[in-house]
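Shared chain: chain A. Partners: chain B in the first complex, chain C in the second.
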Partner chain A sequence: MLSVLLTSGIANGLLYGLIALGVVVLSKAANAVNFSQGDLMAVGGFVSYSVISAAGLGPAAAIVAVLVVSVVAGIASFLILRPLMKTEHVMSLLIATIGLSFLVKGLIRLIWGGQGDYLAVPPLVQGPPLILFGGNVIIPLQYLVMMAGAAVIILLFAAFFRFTRLGLFMRSVADNPRAAQIVGIPTQLVLCSAMVLSITVTAIAGFLLAPATLIFPDMGFALFLKGFAAAIIGGINSLPGAIVGGILLGVCEVMVSGYVSSSAQELSAFVLIFVALIFFPRGIFGARKTRSV
Partner chain B sequence: MPEKIMKHAKGWLNSPVLPILIAVLVGAFGLTLNPYTLFLLTRIVIFVMLIVGLNIMLGYSGQFTFAHAALFGVGAYTTGLLQVHLGLPFVPSIMFAVVLVTAAGTLLALPALRISGIHLAIATLAVAQAVTWVLVNWTDVTFGAGGFRAPSLRMFGMDKTQTIFVVSLVLTTAVYLLVRQLLTTSFGRRFIAIRDNQVAAAANGVHVTRVKAQAFAISAAIAGLSGGLYSSLLGFVAPESFNLEQMILMKIMVVVGGIGTMLGSVIGPIVVLTLQEWLRDSEGWLEIIFGGMLVAFVLFLPRGLAPLILNAITGKFRSQSVDDAPQTGQSLNAAPSENRKDEEAV
Partner chain C sequence: MARPRNQERLIINKKFAFLAGLFLSTLMPTVGSAQAPGVTEDTIKIGTYGPITGPYFAFGRLTMNGMEALFADVNEAGGINGRQIELVRVDDQCDPAGAISAVRRLIFNEEVFAIVGGSCSNGVLAAKEDIVESGIPYINFAAASNKISAPKEDNIFTSMLTSNLESALQAQYLADVGATSVAVVAQHDAWGRDRHETLIPALEEKGIEVVADEELSMESNDATAQVLRIQSAQPDAVVLLSYPKPASIFLRDSARLGFSSTFIGTSVIPDPVAFYEQVAVPGATDNFVTISPSRHPVDSEEAAEWREKLVSAFPDDTPHSYNLYGITAGELTVAALEAAGEDLTRESFIAALDQVNALETTFGPGTLDCSTHQCLQSAAWIKRNSDGVAEVVGTSELD
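Presenting the complex of A and B:
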């Protein structure tokens, strides 16, 4: 019981962590929050549905399609929101991304179906569950794929920030946008790539999540909230914190659903967000600042 | 001479006569309508009241919260459930609902004292989602996701839609006039001071904590009242009338009408609810159009429709003086919540 709960909690938590990575990247580089992120995650799920179920292609084609769609969506979002991507427009940006979120949801509904339509995506791989410790720990293959996928993305992410020039640019813009501009770093490019990166990682999370649940047009926002909660718990500007926060949230959720009641699962996330924001607004890995919120 | 006319026009716009006159005309017109159209009109009237309250929080005090749909819902549920479970009449039920929602709104001000901006938005969002969760899952009391039949008010020999229409119209006009009056007093100006610069407001002797709590309380009280009226209008209360989607529609009403303007609180609901009715059965187009509208307004018309309309009205009087062309006063870079002189008219 406990081991099953833990594995599903960690698998879900890693996906929350991926959404949280998207939140953190955008918050670090552009000091922005994108409410449409969750809906773009849903887009990831729906695109993989179209490729795998409708077109009958393999998971590799689905990954390519998700990447293409998310890069296009990221550049489009950046172009639309560019006039608002300044510190003094934080609230306007927030309202505009709420509009985008609505827009994306409408597009999903237009393309893939109405309110009550729940679509099922077939599992990415088929096979028996992994059995460890003589049957004490049973991990369904789907969770294993989710975890592996999330781990790969996280490693790619870390490598990107550590070893590429663009990653270095992004870190410098996050650190001090003005100074970065003065030394000649193309800040617009950095903002654009932060947006693209944030949406890509979220859409991949949607692709990984889709086979484990049913997908529907309204799925995005609750997931975004959870990703945001994970980012807050980890400290809004910390990349490792996002992953840790995601796993904490995922495990916390399945524990509540397993030992308290399954309908309380949703509630636990909201309670956690609220408590974290009020009492620990800097999170676990957050930098100490005199005035952070 | 032109200035005198101008002044006269302005004074006329600011007197309570005009809103009352409009309300009377709307009332006389509404009573001739068929029940369905009257239902839509009443919905607009109730939302005008709600948005006036939301604007206090969002536009005038600059507190970006997401809990208003939930407060509205608590008002509707309390009013309906007290009648259903305890058999209370409508008036005490709605009065109790207003008290309860005011208390809840004041409690919500507690996080707003510690956090602001995006963090406050997300925290109140979590509260709102939790409230929706309670409405769905506390089935013994709230009847769960299916909702319940709320009794409708009936008075003066009118049918139920007409009754709630007249009651809502009277109360909305009263709330509108009260809030407009309030915002011209020093009490109301403190809200604006906090929105524009919290530190400067505190330095000038504004008790930030208390004023924020007051703004939340007043705004919540209005949400509770409009929620109670809404339950009676709908006759059927269900959680989806108060979910996040409704909250976003309310935000769109505020932004489209004009954030932080009284006239905007009237225009927003008219525009959004009419459009919504028109797009009701479209698959996805409702979201696409409303989402696109919100983005477009924030980018190109951040002060909403109200300043345009006001200028169209006062511009008529002003055009007599030479180069005093009306300023539309919107610029691409002006965020809706900043660099704004407080304007209140009509």
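Presenting the complex of A and C:
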């Protein structure tokens, strides 16, 4: 039981972590929170449905479609929100993203509505669970795929920030936007890239989650809250913190549900946030702000 | 300037004539419909409400379609005592505030003779006070809460399987198939609690032990923990007191973890074939049996005639189990209208409903008996067979 619960917790936690990565990237680059992020994750799930279930194509085609749609959605979101992406418009930007959230939900209903209360994407892999160490460790295949997919995205993410020019620009803007602008870094390009990256990583989480659950237009907000909570637990400006926060949240939920009571599952996430913030007010990996004179 | 006396008198006369006309015009409809509101020499106006648009439209619009198709048949055959049935539909979008205003509109604006409708329990419960106070005959056709018709009110009847009776029938079915231990998975909102509170005592009464009692919320995306806890308890069967989404997630995770048992559904999952397609994992619903207030599935041969009528009358809506619930409610209404006789009043209609006993309907699993005002006291058990077709595997009636 422990191994299955752990695998399930880590698999779900990695997906929360991917959503949290999206939150952190946008927060670092633009000091903004995008409330439509969860709905764009749902878009990832619905695009997967169209490609895999409706068109009968494979997961590779689905991921390409998700990437294309999320890049387009990212650029469109940036163009819509650009006038508000300034320090003095923080609240307006927040409200605008809530509006965007309703718009995306409406678009989902328009495109995929009328086919049932919810839709199902078939599992990416089928078969009996993987049994290791003489039955002491049991890992369902779907969780393995989710974990592997999330791990690949995280590695690509890390490589992007470490080795690409755009990644370095984004880190510079995150560290000191004014200095980055002075040395000629194109901040608008960086903000647009942050928006696209944030939405892409979240939409991929939707692609990975869809075969494990069921998809419906309103699914995004609850999952966005989990991702946001993971980002807070890990430290809102820490990329590794987002992943750790997500895993902690996922494992906590499933362990409490498995060993305490399934009625406490939803509550456990909030208790974890509460406890984490008491001991780590800036999140587990949150950097203390220092000022040199 | 002073007005001439003659002109003043003329104005007074005109005012008097206007008021007299107004008074007489208010009397006219009453004189025309001597029996009751909504009844004329050649029509009976029946009101219905429920979600017609929005995400829950199936519960309302499709049930209304079934009832309207039945009324069309009755009208074509000459109506009831020479009167044609007129159906007035009002949309409440499954919203309690919408239900209150729909009921008030039907009673006061449309002045219907009776209401046959209500699809969402929260809405019907919100409007119940207005229904009771007005004394209008009311037949609930799709909402399942026990609290709608219990405690018994003079003017409220239900042709839908109520939550308490559904729980009792689930317990009876489990006893009939020899289950001695069960696990329960419930969503703990008002809908789920309503059923949970009645199922547990019903199981105890039948001597069936509840070995696991788990919660799975509507928001859950994963049921691994619930499946593992139930798997370790080794129950003979699992009762899923949930809407289709949590039930699907539970069955998908059960298949993924290799857990197999007999899974029992509720009446909100009336079509096991559609449910199989929604679960989308081969084999996951092989042992899934669901309870239904209809003895024939909508795609069965027995329902073919009605399917044709529905498609012809409502080409935009696919035939659905909810159509059949509307037909049952319509048949109950028609039987009581006929029994009430030519001098139709609300009181005589309510008295006729009270007298309904052993009424055969096209789709009711057993006969209707309205002595408790909860007229449907039987259920059918439906599963998807190996050919992919919905099949009735049994019926249960309360002892």
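Note that the second predicted complex is superposed on the first by the 273 of 293 C-alpha atoms of A that agree within 3 Å, B and C clash if a C-alpha of one lies under 4 Å from a C-alpha of the other, contacts with A are read in each partner's own complex, and residues count from 1 in each chain.
Keep this in mind: contacts are C-beta pairs under 8 Å (C-beta built on N, C-alpha and C of every residue); 3 or more make two chains touch, one makes a residue touch a chain.
A quick note: this is a predicted structure, and the numbers were derived from the prediction, not measured.
J.: Between chain B (first) and chain C (second), which, if any, makes contact with A:105: first, second, both or neither?
T.: A:105: touches chain B, not chain C.
J.: After superposition on the shared chain, which partner residues are touched by A:144: those of chain B (first), chain C (second), both, or neither?
T.: Touch partners of A:144: none, neither chain B nor chain C.
J.: Tell me the contact category for A:266 with respect to chain B and chain C: first, second, both or neither.
T.: A:266 sits against chain B and chain C alike.
J.: Is A:61 contacted by the first partner chain B, the second partner chain C, both or neither?
T.: neither
J.: Check the residue A:76 against both partner chains and state whether it touches chain B (first), chain C (second), both, or neither.
T.: neither
J.: So in the superposed three-chain picture, is A:258 touching just chain B, just chain C, both, or none of them (first/second/both/neither)?
T.: After superposition on chain A, A:258 lies in contact with chain C alone.
J.: Please tell me which partner, chain B or chain C, touches more residues of chain A.
T.: B
J.: For A:213, is the partner it touches chain B (first), chain C (second), both, or none of the two (neither)?
T.: second
J.: Where does A:94 make contact in the superposed view: on chain B (first), on chain C (second), on both, or on neither?
T.: first
J.: Which partner does A:5 reach: the first (chain B), the second (chain C), both, or neither?
T.: It touches chain C, and chain B stays clear.
J.: Looking at chain A, which of its residues have contacts with both chain B and chain C?
T.: 222, 263, 266
J.: Residues of chain A touching chain B in their complex?
T.: Spelled out, the residues of chain A in touch with chain B are 33, 80, 83-84, 88-92, 94-96, 98-111, 113-114, 221-222, 225, 228-229, 232, 263, 266-267, 269-271, 273-274, 277-278, 281, 293.
J.: Mind listing the chain A positions that touch chain C in their complex?
T.: 1, 4-5, 8, 12, 53, 116-123, 126, 128-129, 140-142, 209, 212-214, 216, 219, 222-223, 254, 257-258, 261-263, 265-266
J.: In the complex formed with chain A, which residues of chain B make contact?
T.: By the definition above, chain B touches chain A via 64, 111, 114-119, 121-123, 125-127, 129-130, 133, 137, 244, 248, 251-252, 255, 283-295, 298-299, 302, 332-333, 335-338.
J.: Quick one: which bits of chain C touch chain A in the complex? Just the residue numbers, please.
T.: Contacts found on chain C: 55, 188, 214-217, 219-222, 224-226, 228-229, 232, 244-245, 248-249, 252, 256-258, 274, 277-282.
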